[in-house]
Every structure is written in C-alpha cells, then in structure tokens.
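Take a look at the structures listed below.
One chain, chain A, links the two complexes that follow: it is found with chain B in the first and with chain C in the second.
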Partner chain A sequence: MHYIWKEWKENIRGKGLWLSLSIIVLISISILFRSTALSFDKGFYVLLINLFDTIIYFIPILCLFIGAFSIFQEKEQKTLIMLLTKKDSYASFLVRKSLGLYTVVLVPILAWFFIYLLLIKFNFELDIKAYFIFILAIVTMSLLFLQIGAAIGSFSTSRMQIIGYTIFVWFYFFFLHDFILLSFLPDVTYESVKLFSVGYFLNPLQAVRMFLETGTGVYSLGHMSRLLQAFMWTKPAFFLLGNLLFWFVTSISTAIVFHRKEGFE
Partner chain B sequence: MKKLLLFLFIFSITFVLHPEKNSAAENLQAMIDSLEEGAVLKLENKTYEGNIVISKTVTIIGSAKTVIKGDGNGNVISIKAPNVNLKKLTVTNSSMDRNSPEEYAGIKIHTNGNVVEHIKITNSFHGIYLSQAHNNTINHVQIKGMGKGEIAAQGNGIHVYYSNDNNLSHNTIEGTRDGMFFDYANNNESYENNISGTRYGLHYMYSDENIFKNNTFTMNTGGAAVMNSNSLLLEGNRFIVNYGNQSFGLLLLQANDNLIKNNTFYMNQRGIYIDQATRNSIEGNKISQNQIGIELWASSNEQIFTENLITENTIPAVTIGGSGENNFWSHEGKGNDWGASFPLTDLNQNGIGDFPITYQSSLYQLLEDQELSYLFLKSPALGIYEKMNAALADEKVMFTDPHPLAPAKGNTNLLLIVALGLAAGLILLKGRQLLCITFGRNGRKT
Partner chain C sequence: MITVKDLNQSFGKKIILESINIEINQHEICALVGRNGAGKSTFINSLLGLLPVKQGSITIDNVQVTKKNHDWKKAIAYLPEKFQLYPMLTGLENITFFAEAVEKSVDQERIEKALKSVSLWDDREVQVKKYSKGMLQRLGLAITLYQDSSILILDEPTSGIDPMGRKEILEVLKSLHDKTILLSSHHLDEIRQVCTHVAYLNNGKMEKYTVEEFLQTHNLGGIES
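Here is the complex of A and B:
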C-alpha cells in the first residue's frame, strides 16, 4: 500500500508518466479525427484496429523506460538499501514495487480510455465486448513491458546501461524475433509447425495482436487449412496467457538473480 | 365464497391459456386458396403456421409483427404463380435437412415477375431461393443466418439458380454461408446490398453479364468471389475489413472481360486477388490500407490497371508464380497513383509522373510457397527482410507503371491544425506557471 502511494507521488512530480500519457492521448485523438471520414456500421472495429496498430509502437518502449527508471531511482537515491535492510528480501521488494508500478501506470491509462469511449460514442456504434478486449490487450502489453523494464532496472548500474538494454529489448521484440522466424519460414513443414507456432507466439506483440483481432471478430479463424489449424493449436487467449506467464517468470527471476543494489551515475 | 373462488380460478386460467391464439390461428393456406386472382390479403399481427404454397397471383401484406412459421419440413413459402407480391412479413423455420435432394429455403420462387420486399428471414437453410425464376424484384429483405462461420449446416442468403434479369437491392444479409450465390444466372442486378459475416459476400459461378453496384461487404471471409463468370460490371462497391488468413476483397478466378470500376478496398487481407483471369479492366478504384493491395498470379494475362489510387498498403502489389509481364499497369498514358510510398516528380505539371515506377520485392517466393507468411504481414520485421534481400539481389520486379499519376492535392485536416494551434496558444498564454510547477526543476538539482 505504501509502495503504491510512494510510486504515485514520485511519478506525479516526474516527467516520464505525463509525457507517456500525453503521447497516448494525442495519438488516440488524432486517430479518432482521421477515422471520422469513414462512417459506416463497422467503423468502430476499424478505429480499434488502427488505434492498436499505432499504439503498439509507443506503449512497449514507454513502459520499459518507466519500469526501468523507477527501479533505478531507488538505487540512485540509496533508498533501495534502506528498504532491503528492513525487509531483507529482494524478491518481496520487487513484487511490491511492481504492483506499485502497475497501479500508477494503469489507472491513468484506464481513466483515459474510459473518457475515450465516451468520445467514440458520438461517431460510431459501440460494441462493449470488443472495447473490453481492446483494453485488456493494452493492459497486458503494458504490464508485460513494465515487468521487463523492472528487470532491466534491477540489474543495471547506470543510466546508459538502462537505455542500452531497453533499446535492445525493444529492437529484439519489434524486429529481430520476427526476422529470425521469417528466415526459418521457408523450412516450416506440417511436422514442425507447432514448434514454429510456439516461437511465433513468444513475441508478445504478435500474441497480443492475435488475441485482439480474433477477440473483436475482425480476423476470422474460420475455414482454416490443415497447416494453419496445426499452427493455431490452442485458442489465442491461451497463447497470450502462456506468453505472459513465460515473460513474467523470466523477468522476475532475472531481476532477482542478477540484481545489483547500488547504482552509479 | 367458494363459488367466487372457483369462478376467479377459471377466469384466470383463460389469461394463462391465451385462447385468442388458438382460436384465431386460421389456416393460412386455406385463406390463400380461397382468394381470387389479383386479390390482396392483409395479415394480422400474429404467427401463422406454414408451410404455404402460393399458386395464384395474389398480394400478401403483413403487419408489423406478422410471422409465418414453417413446420421444419420444407420451404416455408413456395411461390408457384407469377406476379405474386409479398410485403412486410417475418418468415422463419424452414427445413434444415441436408440429406434431401431439394434445398429448402424460407421463400422459394419458381415463377417470374414476383416482388418480395420488406421481409425478414431467420432460421432457414437458404433465405430466398430463385429457381429458374426470372424478372423478380427482391428488396429490403433482411436475412440472418446462424453466424459463427457455419458453412455446412446452413445455406446462402439469396441463392439464384438459372434465373435471369432479377433485381436484388437494399437487402441486408448477415451470417449465412454465402451472402448471395449466383449459379448460371445472367443479367441480374444487385444494388446497395449490405453483406457481412458470411463466407463469400457475393459468389458468382458461371454467371455472366451481371451488374453489382454500391454494395457493401464487411467482415466476410471473402468480399466477392467471381469465379468462371465473364463480362460483369462491378462499380462503386465497398469491400471493407475482409480480414481472415486467406481473405480478400475481390477474387477473380477464371473470370474474363470484367469491368471493375470506382470501388473501395479498405483494410482487407488482400484487396484484389486475380488468378487465371484475363482481360479484366480495373480502373478508378481506391485500394488502401490492405495487407496486400493486388495479388496477381502469373496465370493471369492482359489485365489493365489504370487510374487507381493504391496507397498505404503493406505491400502494394505482388506478382506470384511467374513474371506476369502481360499485364498493363497503364492505359492510354495513364497509370495509377501509388501514394506516398513511391515519391514522384511531376515537373511539367501534367498530372503524370516524369519517370516510370518499378517496384521490386523478394516476398513473392515466400508468399507463394508458405501460407503462414500472411501472418507476418503486419510485423515491422518485413521491411528489414525486404531490405536485406534487396542487398542480396534476390528481388524480382513486381510491376512497372510507365505513367504513374501524381498525387491529387489533398487538403490537410484544417480543423485539427486549428485546434492544435489554439491549444498551444492557450497553454503559452495562460498556463505557463502551471507548466513550470509541474515540469520544472523548482530548485532541484536532478
């Protein structure tokens, strides 16, 4: 509880959270403006998909930075040492700090998207279930990258290191992971497609996108070929859950095992 | 006291039993049979039991809540006389039997010159079946299928079989197997229909010289599939968000001499998919924000693409299975407007670019060999993949447009700019102190 309040106070006075929020607000409004041109009954889904495709460029990197710098600030201001002597376990500190981060980042985002829903109501016919799935997609993406950011903050010892690791992680998920899969793509056969599918859905961006598009009904999974059916061997929601679980466990364990208590400028 | 109670009890039973329903459920078939030629029958706000066969020229008009419910063993309404008129009915519950030699429907029309309008059809195998029925008019019909991508257990919204010169307009079809299926049906006209959630919104097989204009196809597995049909006119239609793994806005398969004009293809998996088709003319369409704008298999020859706006697609056009050199990307000196991804100079201001545009890509092999490549079309890694393969000289020419069109002068969103300017002005004038307190250093060192 105290962690949440402390996190809130720190972030309200800092620039990071406000900058990220204003970017998201600006993007949402400009996409709404652009979409008013196409007014027909399915315009709502088009708006959501366009919005998601644009936001996906910003939320991962912003959450990574917020998570990493928040943990690093503890080290920098030497408060980490103080907290650890009190509790004496990095794991419990990390869990509480993460919960604080989630709350502080998610509450403004959820508030904004609630207001956004009211704005959309003027132009389009709403589908609440689809909007809920959209919110869920954004929330899971933010949580995941916040956690990875926290891991990066835990084992870095200087700001330059944080920036370097963050950009590398972002670059990996955005380009490298899919590029590696594309190189293997010509060799995928019916036998190896399940392995390929695991590799494909390990990228949180693809898992979230598939979840959103099938959940809103935009991407129809009907009439699948045998290969595609073998590829989608379980429901997209489960792929997303598996992905979340994998990256949460990986980032938390990396943070706990490799953490450093001191930070230098 | 007891007598009063007994009386009240029997009286209240009549409320529960709805005697109006049973006593007034006249035999609709009997009513129709007793009509004279050319008579008008007005039905009331209740449910009539089908199935009915109309063997005389009559007009049947329902009220707001008239329902004709079939018995599940055949067609609900069969029209076997010409010039019948059906209006304002809800038709439901035809047979869903897949083992019978006949395909059942909500309304099955065997004759000519009928008018079917303002009807709602649910819970039937096919919605309306035109069987060798010509010159009929079907408009403002709403057909709702089972949805959920079910294709075996249900039929099509409107099935047109060996029937010519019909007019189908302003219908709304949702969730059936195919929206409208034309089988050996020529010279039909389809205007302003709205089809969504089906397998193929329009499915043309061996049906020539039909016209379809101003229809809207959204969220189907395929917008319109034109197979083995020639000399069609498709104008002003909108193919929007047909976006499954193998989806397309328009498919031309073994279809020749069609004219595809002024349509909009927006946010489909593939805008136009052309396979084994010849001499089609594709002009004035707007193809934007699709994953693949035009997918052209090399088995297709002599297509003409001119005056289209092809912009903001992940891949503008791709030629698969060969070199496709026999297709023309300009006609009479006018090519296509390829949008911002292909910068153009137009120094003599004649609206036509000064040099040809050639697009090369290495993705054709991947798309041809491996169907899972469509899953990567939205990934930013695709750009890197193309650039790397360009460096390895692994590319092929997808198209060459000798006379690309210069982009039309668009007007930027004036309202947005004014709003932003106003917001900036307001902040600078009134909010500087607040800005300072929130974002400033306020004496802090870090």
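Here is the complex of A and C:
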C-alpha cells in the first residue's frame, strides 16, 4: 500500500501524468465533436471504435514510457539500491512498484472516461455493456504496456536505451508483427491456421481490438468460413486473457532476470 | 561487527578483491580508502549481498551473508553515493516511505527523533527537490538512522557538498557513538575528524590501520585534505 501512496503522490505532483492524461482528454473530446453528426441510436458504437482506433496510438507508447522511466528513476535516484539492501528483493519491488503504477495510470483514465460517459449521454443512446467492454479494453492495454515498460526500465542502463527499446516495441506491435505474419500467410492451411492464430493474437493490439469489436457487436463471429472458424478457435476474451498472461509472465521474468542495479556492474 | 574472511571477487579475468581479511569491530568508525577503481564499490556491494560471494565469507553481527538468509540485512543500513531520493515527496514523506519499507507499523516518534538528530525537523514538509545537497545527505542519514541498524555503510557521504554542509554531516556522524560505521571517503580531514580506523584497499588487497598509523605509513601527515 505504501508504494501505491508514494507513486500516487509523486505522479500527481509531477507534470508527466497530467500531460499524458491531457493528450487522452483532448483526443476523446475532439472525436466526440467530430461524431456529433452521427445518428443518435447507432453513433455510440462508431464513436467507441473511432476513439479506440485513435487512442490505440497513444496509450501503448505513453504506458511504455511511464513504466520504463518510473523504474529507471528508482535506479538513477539510488532508491532502488536502498530498498534492495533492506527487506525487498527485486521481484517484490517490481510487483509493488507495478501495483503503484497501475493505480497512478488507471485512476485518472477511469475517472476521465466516467466523465466522458456523461458527455456522450447528451449525444447518443448509451449501451453500458459496450462501454464497459471499451473500458476493459483500454485498461487491459494500459496494464500490459505498463508491464512491458517496467521490463524495459529494468534492463536499460540509460535514458537513450529506454527511448530506443520503447520505440522498437511500439513499432513492432504496430507494424512489424503483422508484416512478419503476412509473409507466412500464403503457407497457412486449415491444419496450421490454429498456430497462425496464436501468433496473430500474441500481438496485444490485435487481441484487444478483436475483443472490443466482437464485444460491442461491431464485428460478428457468425457466418464465418471453416478456415476463419478454425482461426477463431476460442472466444476473443480468452485470446485477450492468454495474451495478457503471456506478456505479464514474459515482462516480469525478463525484468527479474535481466534487471541492472546502479553500482552493480 | 563485520568479519570478512578470504574474500575474492573478480570480473572475468580481472581480479578486483584478493584474499580480503578484515574485522570491523563494534562502535568503530572505519574509513574505506583507496584510489578510484580500487574496488571500494565491489567491497561494499559484497557486504550488502548485492554481489554474490563466490569465494570467502562475510559475517555481519555473527550472521553469514548469503542469498537465502536475509537476517543480516536487519543489522545493516546503507546510504549510497549521490542518491537523490524522491524529489516530489517531502522530507517527512520520504523517511516515512522508507520506514514502511522496513516495518509494518511506522513509529512516528522515531521518525521525529531521526529528523531532529539531523536538524531537519523544521523542513520536514518541504519537497526534497527544494533541499540543498547537504540537507538531502542529512535526510539520507535520518533514513538510515530510523532503521536502527547497528552498522551503517556510507558511500562518500560528503561528496559534492559545500564545507558547511560537510561540517554538519560530520557532526552527525561524530554523535553516533552506538553505531559501527564503514565510511567510504577521499577526504583526509574528515577521516582525521571522524574515524578511528582506516581500511586501505590497494591492488586488490586490504589492510587495516588506526588513523595515525595510516597517516604515518603513507606519509600523509602533512596533507590537509
């Protein structure tokens, strides 16, 4: 709990968090203004998908930077070494610090999207379930990229390294992952499509998008070809859950194994 | 008490510490002295359990430093060189955070006592980013004092601090009669003022002297700083 309080006080007194939040606020308000011409009964879903398609570019990179710099600062300020020489191990430090980061990032985001819901109410017919799925998609994406960011902060030895790794991770998930899979696409058969789908949904952005689009009813899983049915061999929520578990375990274990303490080398 | 027996540390083929044998007894204030790159940080990191001890042994208050057993950590408080703490938090919030990291229930009286002992009680509500280097260093000392460990390991506690700030820190150190202190330092005058012994690290070997012996042996008696 004391990590959460510390993280909260540190961040609400700094500029980084407010700057990040203001980007999300500005984007969502501008999308809302652009959507006012949409119909009252169906516009809500279009707004959610448009909003998601826009903030998907910002939230991952913001969370990667917040996670990475937050861990790196603990090394730079020598507070990490002070904590490790007492009760904490790196694993326990990472877990507590991560919980603090989740709170710091999610509380303002959730608060904003609650206010945003009230603003939407004046323009569109609400579907609370769809909005809840949208929030869940945003929360999952934020947690996942914060944890990957924490791993980057753990093994990086300089701020330049953090910037390099973060841009690479962002670029990989936005472009490279799909390009790599595209090169395998001609060889995908009915027998191998399950493996291809595992690779495809290892990209958190694809898993989150599929979860949101099917959850809000924008993308229907009915009337699919046999190949596509084999591709979607489990529910989108399970793909997302599997993705979340995979990247959590990978990020945390990478951070624990490869972390570098100041003055250690 | 710190007991080091036959400690060897090397990085690849480079030997950093070679057969180190030293005892730092209770209530001694021992300066850790050596040229830059002599292995002072490696020695300190070994004491703190941050570097695995592959050859030799380290005992802190009769408990051996191992990866599995962390009982020895209670006896040690460490203050690194050039630390910054959490600049957006106040002095009081910083010490409270570190206190909570050590124990479940924080003793407010001990926090007050620790802050008063370093003359920071009146500045406790000021954000650390507004502290001078000397104040920051004193806050670091207060954090280690709260932990109530019998052994303090201080890595260049007066590094980069103006003469007045240095004087204040040395005064605090001099008042800690019930602690065993290992103090890494490059300043002869502060070694003269505060320390009882010197652990001199040279070419991977370590020798322990009284301060007078060290100054005589190395012809440093006439040098001021």
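Quick notes on this one:
Basically, the second predicted complex is superposed on the first by the 260 of 265 C-alpha atoms of A that agree within 3 Å, B and C clash if a C-alpha of one lies under 4 Å from a C-alpha of the other, contacts with A are read in each partner's own complex, and residues count from 1 in each chain.
One rule holds for everything that comes next: a residue touches a chain if its C-beta (ideal position, glycine included) is under 8 Å from a C-beta of that chain, and two chains touch if they have at least 3 such contacts.
Fair warning: this is a prediction, and the values are worked out from it, not measured in the lab.
Looking at the superposition, the partner that touches the larger set of chain A residues, chain B or chain C, turns out to be B. In the superposition on chain A, A:His2 makes contact with chain C only, not with chain B. Contacts of A:Glu10 after superposition: chain C is touched, whereas chain B is not reached.
Look at A:Gln206: by the touch rule set out above, it reaches chain B but stays clear of chain C. In the superposed model, A:Val198 lies in contact with neither chain B nor chain C. In the superposition on chain A, contact of A:Leu83 is made with chain C only, not with chain B. In the three-chain superposition model, chain A touches chain B and chain C at no common residue. On the side of chain A, the complex with chain C involves touching residues 2, 5-6, 9-11, 13-14, 76-79, 81-88, 261-264. Contacts from chain A toward chain B in the complex involve residues 15, 18, 30, 33-34, 38, 40-42, 45-46, 49, 53, 174-179, 181-182, 185-186, 188, 193, 196, 200, 205-206, 209, 213, 217-225, 227-228, 231.
The residues of chain B lying in touch with chain A in their complex are 149, 151, 196, 199, 216, 218-219, 221, 238, 240-241, 243-247, 266-267, 365-366, 369-373, 375-376, 378-382, 384-385, 413, 415-416, 438-439. By the touch criterion stated above, chain C contacts chain A in their complex at residues 41, 45, 48-51, 70, 73, 76-89, 93, 96-98, 100-102, 127, 143, 147.
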